[in-house]
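Each structure below is given as structure tokens.
Below, chain A partners chain B and then partners chain C, in two separate complexes.
Coming up: the complex of A and B.
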């Protein structure tokens, strides 16, 4: 099982947290699953570490996905 | 008798914070000796500066080269209608000095860039990034880490915002891949959200000046729709070009 935590506008129309049994080989497959465009993602973390969308996902990983937030 | 009077301090201004458990006269003395630089006097800079001035920071520099425009007035509460077209640092200075004349205020009408950033941040204990663009945030992240000065970052987008302390001892913006962020132009902004995030930045700054290091390696995400503040653990990245320079330091 992996845990996927969505933040800010990525929660609109979706839940905050998903615990999924599905196997995802990488971040791109997770974005496809949630129908999130890669250009809408600013930060993609696997277990608190910055990660490329092509990096492998393994069981029990915690994924955190953030859209761009940079205004002031 | 007010607590400050019992301690022989005539000014009652800080009495209510001095009586906070764990704050005390020592805490107030730490704040009065502190030098803090706020970069950006907009939606985040206005609340951050206001609360730092009220708290009695010793020296408070603030940088902005913009003038006040009408689209600023929904959130930048130190700037009034009468200030339209004025330099933001002049407009802010005028109000801040009336809030607390005992703080040394240093308004800097200058655009922070790669040629002047190092000189501008030198001598400060802490920097607050209250910016509206990624390039300057990343520049400040790099220069502040090189000078070993922690940066309290804040950012907003519509109903959402974040606060994050970047430092040499903890993770930085590059560690979480923030450099890949592509901003919307213009970015959506609500005053009440900017107020929350700017206040979080001021709280973190005060906490750090009092010796609290618990904000390191944590990204705080505020969601005004769900009214939640999430805390996300962030690790120093093995790929961070900045942290790799100091990885052998103890």
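Coming up: the complex of A and C.
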């Protein structure tokens, strides 16, 4: 099971958290599953670490996906 | 010769009630730009580093930059520059809104306020005319009511003020403007209160500042606007969610300080996030002068629209106190605006008190009916009020800030501060670079002196590995120097998500006639960073003051995605000094020579 957390505008039309039994090999597959365009993703975390969409994902991983955001 | 500088400062002595118009030294302005840089240089030259901060000998500067009120994006910024009562270091506190633009449009590059009035007064500035007027009728008045009342007397004005906390000399008192914008840190509001100065009200006829080369400035302006509109942070993220969007991102990298930094991951952080704010209480965004971003928030509390919280107070009243109630957190932020208090230092002080209570150092009795329990909404509201009004023995002590509070109980290590100023909302154990800027910021714990969160977390201008120390010292220096430039120019730091040194150089050159390239402009920033450090040295700063709290070095993060991490500041600090040309925290003779500071 992997946990996928969506934030900000990525929550529109979607839930905040998904716990899925499906196997995803990497971020690209997750984006595909949720119909999220890669240009709408600014930060992709695997277990809190910045990752790219090709980094491998394994069982029990926690994924967090953010669109472009700000700071202060 | 036309210029975005007005060419004059007003020196106002409240003891003698004398007001002098002084010509702006343009050579000095060229070397230190304006705002933060020029303000610090003036204070340094006038021996202010040696004074008692709350004595009449301290000088309180309100400095615009050359770009303030110019026809460029975000041209509303000004700095309050003085010697900080919180920690005896240089205080240069930045604020937005409209007031800075009003001061510049009235014809002033800055104000130098000296001495102390014998009764409570306020200043009214209307273009060339400056009057010192009685303010006894406004004694004790809070920001919103004061703003309304002064605008009745002076229609069309912009108001800068202190609240009750500035008057009662809390070391966390802020200078407020336009109701809910704050020059928040270092206790600058207490300096204003110590001078018996309640407010500065400005009316201005002009609508914008001149430029050395109008055409070039217009071109540079359009280029910058294009870049700001093309950058997703400045064109989508900040406008839609404000800085509050950071709650979930910083929590999900396991670096959201929780319960006075005892932990760094808070399961329920989403409850006080930007997303929740949008769902539950947001009315609309708000904009400072000439700002195309609009990161400000207007929220609805009990049927009334008020200024909403930034990321910092959301964190500091939220996970740092263990609280999840967004409405109560927002109300606490509003109270800080009303009292005129630093909305980072106050909740961080409450958090440190909660830890002292947790450990049994603060007793039930001392809490006088409001126990300092983690997660208590009653505690954060009531203790903010007690701090604001200096009520109860413990409230009075807390009004001095977390360092003096914790030191009083024999445990200064529970003050999560650097140079006595409370650290902001990013755990330096999980993010290595921000730890360097915390430790070496000239005003103490601060994130806006070198926002390394941008590359380490947000990926601008490029994505760095937050856990790595590689190259972070050099990044820290560049960010600190560029920030010093922006703070001195009078523009908003948030433009730097989209703009870089070349863009700032083209704006400054067109506005004032300088001919800087990017590298030369960064060197001006370096000079400003060093003059601040010289001020601090004169004021008695020691090399060991550049350090992080023991907890960040000796207590690994206990839970969450950054479990096990500590700050590697012991490795990065020597690298940083090397990059700066400093030894034992201070510039070498060679560095001072190179920067023209000998």
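Worth a mention:
Going forward, the second predicted complex is superposed on the first by the 70 of 72 C-alpha atoms of A that agree within 3 Å, B and C clash if a C-alpha of one lies under 4 Å from a C-alpha of the other, contacts with A are read in each partner's own complex, and residues count from 1 in each chain.
The definition used in the following text is that a residue touches a chain if its C-beta (ideal position, glycine included) is under 8 Å from a C-beta of that chain, and two chains touch if they have at least 3 such contacts.
As the structure is a computational prediction, the values presented were derived from the model and not from experiment.
By the touch criterion stated above, A:34 is placed in contact with neither chain B nor chain C. Of the two partner chains placed around the shared chain by superposition, chain B and chain C are both touched by A:69. In the superposed model, A:7 lies in contact with both chain B and chain C.
Applying the stated contact rule after C-alpha superposition, one finds that A:48 touches each of chain B and chain C. In the superposition on chain A, contact of A:18 is made with neither chain B nor chain C. When both complexes are aligned on chain A by C-alpha atoms, chain A residues 5, 7-9, 11, 16, 42-43, 45, 47-50, 64, 66-72 touch chain B in the first and chain C in the second.
Of all residues in chain B, those touching chain A in their complex are 40, 42-45, 130-134, 137, 154-158, 160-162, 175-178, 180-184, 187-189, 194, 221, 223, 225-226, 228, 230, 232-235, 237-239. Against chain C, the residues of chain A that register as touching in their complex are 5, 7-9, 11, 16, 42-43, 45, 47-50, 62, 64, 66-72.
Residue ranges on chain A touching chain B, taken from their complex, read 5, 7-9, 11-12, 16, 39, 42-45, 47-51, 64, 66-72. Partner chain A is touched in their complex by these residues of chain C: 232-234, 236-238, 240-243, 245-246, 248-249, 252-254, 270, 274-275, 295, 310-312, 447-448, 451, 453-454, 457-459, 463, 465-467, 494, 497, 560-562.
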